Each structure stands twice: as structure tokens, then as C-alpha cells.
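Chains here go by letter, A, B, C and D, matching the order in which they are written, and residues are numbered from 1 within each.
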Amino acid sequence: MGTRYNAIAGTSAERLAALSDGLFAVAMTLLVLDLRVPALEAIHGEADLRQALIGLAPRVLIYLMSFLTLGIFWVGQQTQLNFVARSDRTLSWLHLAFLFSVSLMPFSTSLMAEYIAYCTALLVYWFNILLLGIVLYLTWRYAVRAGLTSAEVTPMVRRSMERRILIAQGLYGFGALLCLHSTHWSIGFIFVVQAIYAIGPRTGPLSRI
Amino acid sequence: MGTRYNAIAGTSAERLAALSDGLFAVAMTLLVLDLRVPALEAIHGEADLRQALIGLAPRVLIYLMSFLTLGIFWVGQQTQLNFVARSDRTLSWLHLAFLFSVSLMPFSTSLMAEYIAYCTALLVYWFNILLLGIVLYLTWRYAVRAGLTSAEVTPMVRRSMERRILIAQGLYGFGALLCLHSTHWSIGFIFVVQAIYAIGPRTGPLSRI
Amino acid sequence: MGTRYNAIAGTSAERLAALSDGLFAVAMTLLVLDLRVPALEAIHGEADLRQALIGLAPRVLIYLMSFLTLGIFWVGQQTQLNFVARSDRTLSWLHLAFLFSVSLMPFSTSLMAEYIAYCTALLVYWFNILLLGIVLYLTWRYAVRAGLTSAEVTPMVRRSMERRILIAQGLYGFGALLCLHSTHWSIGFIFVVQAIYAIGPRTGPLSRI
Amino acid sequence: MGTRYNAIAGTSAERLAALSDGLFAVAMTLLVLDLRVPALEAIHGEADLRQALIGLAPRVLIYLMSFLTLGIFWVGQQTQLNFVARSDRTLSWLHLAFLFSVSLMPFSTSLMAEYIAYCTALLVYWFNILLLGIVLYLTWRYAVRAGLTSAEVTPMVRRSMERRILIAQGLYGFGALLCLHSTHWSIGFIFVVQAIYAIGPRTGPLSRI
């Protein structure tokens, strides 16, 4: 018969974490390549350079927004992996699918930075966030169902993890819809949602999301 | 006489794993650089941008295929290293040769994305996969023969690891041959093989590969 | 009610360190992309190539300066994290803000390498260093106040960490002011300050900074 | 008085190893960016593409040579760090200087790939290897003298580490001199030396280097 590869492959949660940290680190740093230094030909003095840098402001904002997105999902994945006692092959591949979505982020970000007024670009960006959310949700559901989580994972923790993803995706989806009105509204709304998630208020109505 | 460097060099399996995770992370993220944002000059409205993005679909497919390839070999190498109790200089260099093949992947991927209808490009891509397979096979054989594997490695585990690489490479080789007919058949076949390896069905005839 | 995500998210100081090491590694290596190989068209012999390479000297200097900057802040963050017994969500986000500033460094460096005589470019570069300092200061203050530091952190250690950042930022600020006279004075002064921090003299008046 | 920063900074050998693994991984993968995919305009059939790929052979060779260089120095640094019981600020900075030399490698490699017949390019490449050797030698001497090495480090181990670097640098220096005759001789000689170091023969006269 022979041992099945399924039974022995992908059991190291540490290496999954190391690969994830590496991939997030590269994706976060590649984002900066969209901030292109102004071309020498167009700059004839300090005033020109200041003008050119001020013109970069929307790109800096989108860069910051994508950094926030990756930060939110990095914290989210880390929180999940902290609760995972061991991995298996399926969980490894679900996390690889998650990392695939992470690696698409520099592309979605470039696209939106270049086409900031286009609904199409915003929908691609939103689709990337949706993909991140769906895969992260599935990894969690799978880890719980396959009994890979540690004993600390009470039903309350489990529901907290799931509810959080669903609420966040609901808000992102609403933000994407706003592009029917204007992409600037969408970007503004998504940015605010992300800032709230990053700051994570501890009291008041927002402390529950 | 003096101590021989051979006896003291390259004994850390953890650092080998850390270097590998880093290199895989960079290679996986560099792949996305092939997805180039459409040039501003050619886009005059939402419809143009949608058309241009649809035109990127073959590149996205090849990107996904290369991500699958790297994922499969990452899981494969991880599974091997989990069974390795300690490393030595030769094993370190065999893994470095493996990482060299990994680092070629962004080039092979770019080449195939640019020349999707060329048999030559497909054969370069296949040769890269073959190289990954050969080196991974050699690292395993060496680790077993040099007694570097842990006690869990029964003859069954050993054969399972070897058989898996041989079957996979046989399928990839057949896929490459299909390019005599058309490169699209090759790409389609290799893609399906990789998807099966990634999903890893647990029952039925495919559960044995 | 349900468990609050705030209470369970971002508690792994190890993964924070791993993400940081990855991001610093990428940022440090991306800096080298500013050293562009001389274009083939302009080189007709060994003498031309030597001339072209000598012309790269200012870029090498700025590259070295940015590497020093990143090295100084990497050592600074590592020293902090060594004293942190555990992390929480706020500390994770403060470190992510720190990493955001790190990821801006390749842009600031490119800008200064391209516009070495422009005060505007130097101020952007200085602002990046200031941001790194401010965020690192805040992470430390937060870690101390939230009781996340280990028992070794005596009031003396705490003050030493804070004083160091304040003195360094004072010196960098003075260096930036020098650009009113000439950017070369600024760059020279900041370079010397960084070299002293890197070499870290153990005796004499400079051993206190 | 206050605690001196010198006494508390840079004491984590693990984070030094993690930063190094990340930086080596990025540098190794960036090398592949020199292998540029042939431009679409010049390719009108399979034969053209095959010709263009054959024309890439010298670049592949130089890429492989640089990968070997980085591999050799990665194994060398790892072997040193395995013998280091703890780090301090000076050792951290010596390793950062080593990593700076590592991060220059993609530039030196690009330069040599573009100017393969130029002695100047070869000397820059050699100077980079020399720098790696000098800094690695200094880190080792410092670690030994400062008492940071573990108890396993007998005088024999110490001398073995030092002798190895000196012999290797002697051979590289001789290889660089050969460029007075022709850069191809230099490259060939250095390549063979590196291959011997990588393969590490266990018997015969070469087993001692």
C-alpha cells in the first residue's frame, strides 16, 4: 500500500507562519514601488519638486490604504494561526490560497493608483479584499471543523472570529457599492473602515466590530 | 591537522528552512510583477479598462499556475525537512541547488507569459519543473542514505516520498510532450495536474498520487 | 455578548519580529536598485566604465547612509522587542506603523539620490527619519505603560531607551536645518551622526549618546 | 547616570539570523531579474526564441556564479552564528556590514553580466567578494576575542574558520589577477573555485580547503 502523502505533508504551522511573514513583508514593501520619483526632466527648481511631490499625495493615500489592508489581514491570519495547534495538508493549501490573494495586492494597488477615478479599478481592488476575506473565513472554518485548533478556542472565540470577517466584508462591500456614486466616496469609506479596524477602539459602539 | 570545515559547516536545519521560506516568499511575490497595469495612453473609459483587464486573463492563469508550482514544491520541501533530524554541508548545498531552481521560476514564468504559443517557452518552463523535481529527489535520497532523517522515516514513508516525485514528474513530462500538438493543451494538462496535487483528493483513484 | 477581538488579536511578539526582519531585509535590498548599471550605449572602453562608476559614488554614499539608517532602527526595534514579554493588538499596530515608515525608506532614498542638491528632497528624507523616531518612541511608551515589558526593564533602562531616541532625533533635526546652508552639509552631518551610532564608541563623551 | 545603550542593544543572535536569511533570500532572487525575457519585437518564430535564449547563456552562468557566491557566504555566516552563544551591539553591526556587502551583490552581478569583457567590471565583482571575506573574517575574530562564542569553539575550530577564509580569498585574488590576461579566464577560474567550495570534496588534496 504505502503511506499516503496526505497524512504526512504540510504539518508545520511554524513554517506556514514564516512563509506568510516573508510574503507579507515583500508585498508590503513592493507597494512602495508605485511611488515613483518625479522625472528629472520636468523639475527645474525646488518649487517644481514640491509641486511634483504634492501631486503624489493620492498615491501615498492609496499606498497607506493597501498597507492598512495587508496589516489587517496579517493580524487576522496571525490571530488564527495562534489558535491552531497543528496544521495539515488542506490547511496549508488554504493558507497558500490566502497568500496568493496577498500577492495580488501590489497589482490591485497599482491599478487603483493609476486609475483612481475608474469604477472598474475599484471593483478589482474590492474583489481582492473580498477574496482575502473569503479564504480567511474558509481557513478558520476548516481548522475548527478538522479539529486543528487548540483547546482555548471556545465557541465564543470561534464566533468572534467569524462575525468579525463577515461584518468587515459587509462594510467593504457597501464601500464598493458607493462607487456607483463616485470612486472617491468608495475610497474614503473603505479608508475610514480600515482606520477603525487598525485603531481598534476599546469603548463605544465601534468596539464591537 | 586542524578541524575540517566539512565537519562543522551547514548543520542548522532551521536556518535552511528560514532561507527557503524567505526565497519562496520573494519568488511567489515577484511573479505578480508580470501582471502589468494597462498603459494609461490606451485607456479612454471604463470599457477600455475592462477590455484591457480581460486581456490579462492568460497572464493571471499562468501566474496562478506558477504559484501552484511553487506551493507544491514548498509543501514538498517542508515535508522533507520535517523528517530531517539534522543537516550537514552536502544537504545544505543540495537545498541551495533546489532554491536556485526556485529562483529561476519568475524568469520561466515571464517567458511563458510572453510567449504563450511557443513550444520553446513551454519546454523551458517544464525544464524548470523537472529541475525542481530532480533536486528534491536527490536531497531526499541523500538525507536517507546519510542517516540524517528522523526515526519516524519508515521504509514506507521513504518510498511514498520518492514515488510521489516520480509520478508527478511523469505527468509533467507527458504534459510537456503535448506541446507537439499545442502549447494550450500542455498548459491545460499541467494546470489540472497541479490543481489535483494542491486539492489532494482523499478518496478515489486520485488519492494515491 | 461574544469575545472581543481586541482581547485575542496580535499577541505574538515572535511573528511581529519575523515580519519586521522580512520587511527590513526587503527594504535594505531594494535600496540597491538605485545603483543603476551604466547604459551600454555610453561606454566605449574601460576608461568610460571607470568614469561612469566613479560618477555613481554619490549614490553609493546615499545608499550606505540609508542602510545605516535602517540598521540603526532595526537594532533599536530589536532592543525594544527583546524587552517586550508579550504583545497586544495596539502594540502590533504601532509596530505596523513603524514598518510602514521603514517601507517608505526606499522611496525617500531614491528621491534624495536623484535630487541630491534639493532641500525639498532632504526634508522628505529627514521627515522619514523623524517618523521612524516618533513611532519607535510611541511603541516604547505604550509597551511600558500597558505593562507589556519584561521584569528587566528598570526605570533606568526605560529612560535610557527614551533619551537615546530624543537625542538622536535632535541631532537629525539639526542636520536637516543645515540644508538652509547646503544639502551637502546636511548629508555630511547626518552621515557622521549615523556612523557614530553604528560604531557606538565605548569611551569618551560620545559613549553616552 | 543611566544605563548605557551599548550594554542592552543588539543581543539577539536569532533576530540577526532571521534578518540575514531574509536579506540573502531577497538578494538571491533579485539576481534573476538580470535574466531578461527576449523582447517580443525581435522574435518571429521558435528558431528566433531558441537563438535568443541561447544568447542568454553567459548571463545564466554569471547568475549561477553569484548564487554560488551568496550560497558560500551564507553557509559561512551560518557556521559562524552556530558557534556564537550570544550577540552584542558591535557583533550586530559587524553582521550588518556583512549584510551590506551581500546587498551589493545584485549590483556587481548586473554590472558583470552587462560588461563581461571589461576588467573594470570584474574587479568590482572581485572587490565585492573581498569585502564579504574581510567582514566575515572580522566578525569571527571579534566574536572570539569578545568571548561571545560557545564552548565548542576549540583553537582548532577557530583556526579552521580563519584559514578557510584566507585560502578562499587568496584564490579569488589570483582569479581577479587573471583578468590581466582575459576576463574569461578570471570568470572561469573563480567559477571552478566556487564549485569546489560548494561541492566540498571529502577526500584528496582539495578536501582541505
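The criterion applied here is as follows: a residue touches a chain if its C-beta (ideal position, glycine included) is under 8 Å from a C-beta of that chain, and two chains touch if they have at least 3 such contacts.
Remember, it's a predicted structure, so these values are computed and weren't measured experimentally.
*Asks:* Can you name the chains that touch chain A as well as chain C?
*Replies:* Shared contacts of chain A and chain C: B, D.
*Asks:* Find the pair in B-C, A-B or A-D that has over half of its contact pairs, by residue number, in common with A-C.
*Replies:* A-B
*Asks:* Compare the two sides of the chain B and chain D interface and say whether they are made mostly of the same residue numbers, over half shared, or of different ones.
*Replies:* different
*Asks:* Report the chain whose mean Cα position is at the greatest distance from that of chain A.
*Replies:* The chain farthest from chain A, judged by C-alpha centres, is D.
*Asks:* Taking only the C-alpha atoms, how many degrees of rotation bring chain C onto chain D, rounded to the nearest 5?
*Replies:* 90
*Asks:* Where the CA atoms of chain B average out and where those of chain D average out, how many Å apart are those spots?
*Replies:* A distance of 25 Å separates the two centres.
*Asks:* What whole-Å value do you get for the distance between chain B and chain C if each is reduced to the mean of its CA atoms?
*Replies:* 35
*Asks:* Tell me, which residues of chain C touch at least two other chains?
*Replies:* Expected reply: 18, 21-22, 25-26, 30.
*Asks:* For chain A, which residues are in contact with chain C within the complex?
*Replies:* 17-18, 21-22, 24-26, 28-33, 35, 37, 40, 43, 46, 49-50, 53, 64, 67, 71, 74-76, 78-79, 81-83, 154, 156-157, 159-161, 163-164, 198-200, 202, 207-208
*Asks:* Would you pull the chain A residues touching chain D in the complex into a rising list?
*Replies:* 22, 25-26
*Asks:* Going by the contact rule at the top, pick out the chain A residues touching chain B in the complex.
*Replies:* 1-6, 8-12, 15, 18-19, 21-23, 25-27, 30, 89-90, 92-93, 96, 99-100, 103-104, 106-107, 110-111, 114-115, 118-121, 124
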